[in-house]
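To start, I am sharing the structure in question, which I have written as structure tokens.
Every chain is named by a letter (A, B, C, D, E and F) in the order it is written, and numbering of its residues begins at 1.
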Amino acid sequence: MMKVYITRKVHFNSAHRIYNPNWTDEKNLEVFGGCSNPNWHGHNYLLEVTLCGIPNPETGYVYDLKKLKELIESLIISKVDHKNLNLEVDFMKGIIPTTENFAIQIWNQLQPHIQEAQLYSIKLYETERNFVEYKGEKL
Amino acid sequence: MMKVYITRKVHFNSAHRIYNPNWTDEKNLEVFGGCSNPNWHGHNYLLEVTLCGIPNPETGYVYDLKKLKELIESLIISKVDHKNLNLEVDFMKGIIPTTENFAIQIWNQLQPHIQEAQLYSIKLYETERNFVEYKGEKL
Amino acid sequence: MMKVYITRKVHFNSAHRIYNPNWTDEKNLEVFGGCSNPNWHGHNYLLEVTLCGIPNPETGYVYDLKKLKELIESLIISKVDHKNLNLEVDFMKGIIPTTENFAIQIWNQLQPHIQEAQLYSIKLYETERNFVEYKGEKL
Amino acid sequence: MMKVYITRKVHFNSAHRIYNPNWTDEKNLEVFGGCSNPNWHGHNYLLEVTLCGIPNPETGYVYDLKKLKELIESLIISKVDHKNLNLEVDFMKGIIPTTENFAIQIWNQLQPHIQEAQLYSIKLYETERNFVEYKGEKL
Amino acid sequence: MMKVYITRKVHFNSAHRIYNPNWTDEKNLEVFGGCSNPNWHGHNYLLEVTLCGIPNPETGYVYDLKKLKELIESLIISKVDHKNLNLEVDFMKGIIPTTENFAIQIWNQLQPHIQEAQLYSIKLYETERNFVEYKGEKL
Amino acid sequence: MMKVYITRKVHFNSAHRIYNPNWTDEKNLEVFGGCSNPNWHGHNYLLEVTLCGIPNPETGYVYDLKKLKELIESLIISKVDHKNLNLEVDFMKGIIPTTENFAIQIWNQLQPHIQEAQLYSIKLYETERNFVEYKGEKL
């Protein structure tokens, strides 16, 4: 039984600022620079969700990509697209919205809803040049 | 004397909302949808600046790209990167920050500073799938 | 009044073969090579639709991209995506489905439905390396 | 001795339909949607073949990429490019041509012919947004 | 009779330096910076050749892309790929190899060999962020 | 404590030739083909540096990307950009500059300077179609 990895890419646009509420504005500016601008900035995020599993012998699919697309749409996109990650996203409440933390929370949202196959990786591009990956690994 | 077009691409990240202050919030939402979210959203903008002219026989350059890069940096990037287009950008004051209007204002900022060659086009990608171009044409 | 060009990109997947029914199979093979394979082949087409016009002073839009997206969806995508261009697409009936002819027919489908702004260009990528553009020019 | 991974990307265009011959047309349509269109559709596939091994001290190469390119050309591209995956490809006979199954079969074709280095991964993009990876893992 | 533009993209890799032999090394360094390094540097060039014309009613082609590919291969690629633009390319002899001048010379090489259709544009990317276009326009 | 992978992409342009000084020119040509051209050729290299670690609870960062960017700039880019890899780069001295060997040396340069997080991978694209990855694995 062969193990195959399948990936679906989606896009969304959000506003955020990198900001630690336990720090002064000066310290935030010193550590985070323009990323902590109180008037916000934003990104076109590119999200890659990878599952792994055995292709079903009747369909040849590891997971129905239409179903995966709907899951990502309802659990993630509908909550973050054209939204402010600091103010409006329930699963980011109290969390500094770095790409690292955002990817971990996207994993935590999707993971309980993936049966039949296994969630393998969340890859999140903040810009064309910076991206993070989270595979559910804990130390 | 051959006419050649040269282009420099740059990236920046900004927050904005599409909002007509003469309208109610309801009308803004009806016309602009999620793009008018009062808590903002944002983009990784990709800007292409194209000049045209005759290559200088001594350098083979239409325009020194290092000089063009610095011009774009000082006149545009330093004012819009990690900023809020509605609140913080002097040359967007009072202007609805659609990609169309933003491209026109970028043209207006750069055009007076390009000598030796001619500004030919401002191409601005708001997302990978939507972009506008302004060539200084008036009707 | 400034003239601005706006573009929307969309994707679709179709099957086709390049085939002139007035020719023998041998002549089709000789002229079109593997592109005339009677068992078909296919592509991920990338379509760029460009309109031009004056940004509306109340919205800052040349044309509402949501509306343009719906127009492309109903007039083009719904008819060609996951379809056979030779057998199933009404507006390609009797036309050799080269990228050139396909772009012209997409123009002809969209053009009568674009009011307020002007259809400026249809750009159609058959592969990453080959594309055509049609601007409604006639000789 | 350092282990390095080297990858070669290639493109090809094929037609296919996702279809389980043990099912009725209705069930195929219900499960696979437009992907089971009896008149076919197609894709520009992007294939990434990754090998791993120790760089040869005399050449600095893990594997000669010219040789790898020829291997992929003769074993894969010549059989699938501008072909119908359901009807014309010997190594896909009797196999539902999902991206998952297709990647496994490409692995099976290449693997016996790679000596000196080790086949590590087959990554296959069906569209820009959907791709699979197979690393020869069995469960 | 509809006028259509068709484009073929190709890649090649070359070494060069930007250097005016009438100047001292100091002046070259001052004007061209690292681009004038006497030990050379190089690029993966991306070349887009665009022709325009009327699709032939018998083939639906403006120009056979196989034929265009061969023309670009024999007239350009075979002379510049894995070569030094300053030392080894006959049609660049005595010409400062800026992207501007290189594009003009590629036009001059191809133009006399394109019959049936018309050469419309040479677009040449030196890097992902810098490119030039030449359309045969003279002032 | 979640383990996250973060990546920064950078570009640079260099000249090189693939050449084994222990071999005759004929043997170099036979084995390496045009890649051994004595007059050099060059590439736009794309480098991806990936670190892994636990996001710092105070910043949400695995590693400050500004700091990583500066490290890559001072240790790699300043030494290889617009340079000749065979003649001018100290850390490539005596090493055949294949992409494999180049990636290993970039790892060796960066690895001692990454504290707080762990260097995980060096991915190096020589062209859009060929790339290598080194993860510090030894056999």
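Structure notes:
Operating definition for what follows: a residue touches a chain if its C-beta (ideal position, glycine included) is under 8 Å from a C-beta of that chain, and two chains touch if they have at least 3 such contacts.
Here the structure is a predicted model, which is why all the values come from computation and not from measurement.
Chains touching both chain D and chain F: A.
Chain pair D-F has a twin interface among E-F, A-F or A-B; that twin, with over half of the contact pairs alike by residue number, is A-F.
Relative orientation of chain C with respect to chain E corresponds to a rotation of 120°, obtained by superposing CA atoms and rounded to a multiple of 5.
Counting every residue number used by either copy at the chain B-chain C contact, under half are found in both chains. Chain geometry summary: the mean Cα position of chain C and that of chain F are 42 Å apart.
Separating the centre of chain A from that of chain D, both taken as means of CA atoms, is a distance of 28 Å. Counting only residues that touch two or more partner chains, chain D has 33, 128. Pairs of chains meeting the touch criterion are A-B, A-D, A-F, B-C, B-E, C-D, C-E, D-F, E-F.
Residues of chain E that touch chain B in their complex: 18, 20, 22, 31-33, 95-101, 103-104, 128-139.
Residues 1-10, 54-55, 58-62, 65-66 of chain A touch chain D in their complex. Against chain F, in their complex, chain E makes its touches with residues 11, 13-16, 33-35, 37, 39-44, 81-84, 87-88, 127-128.
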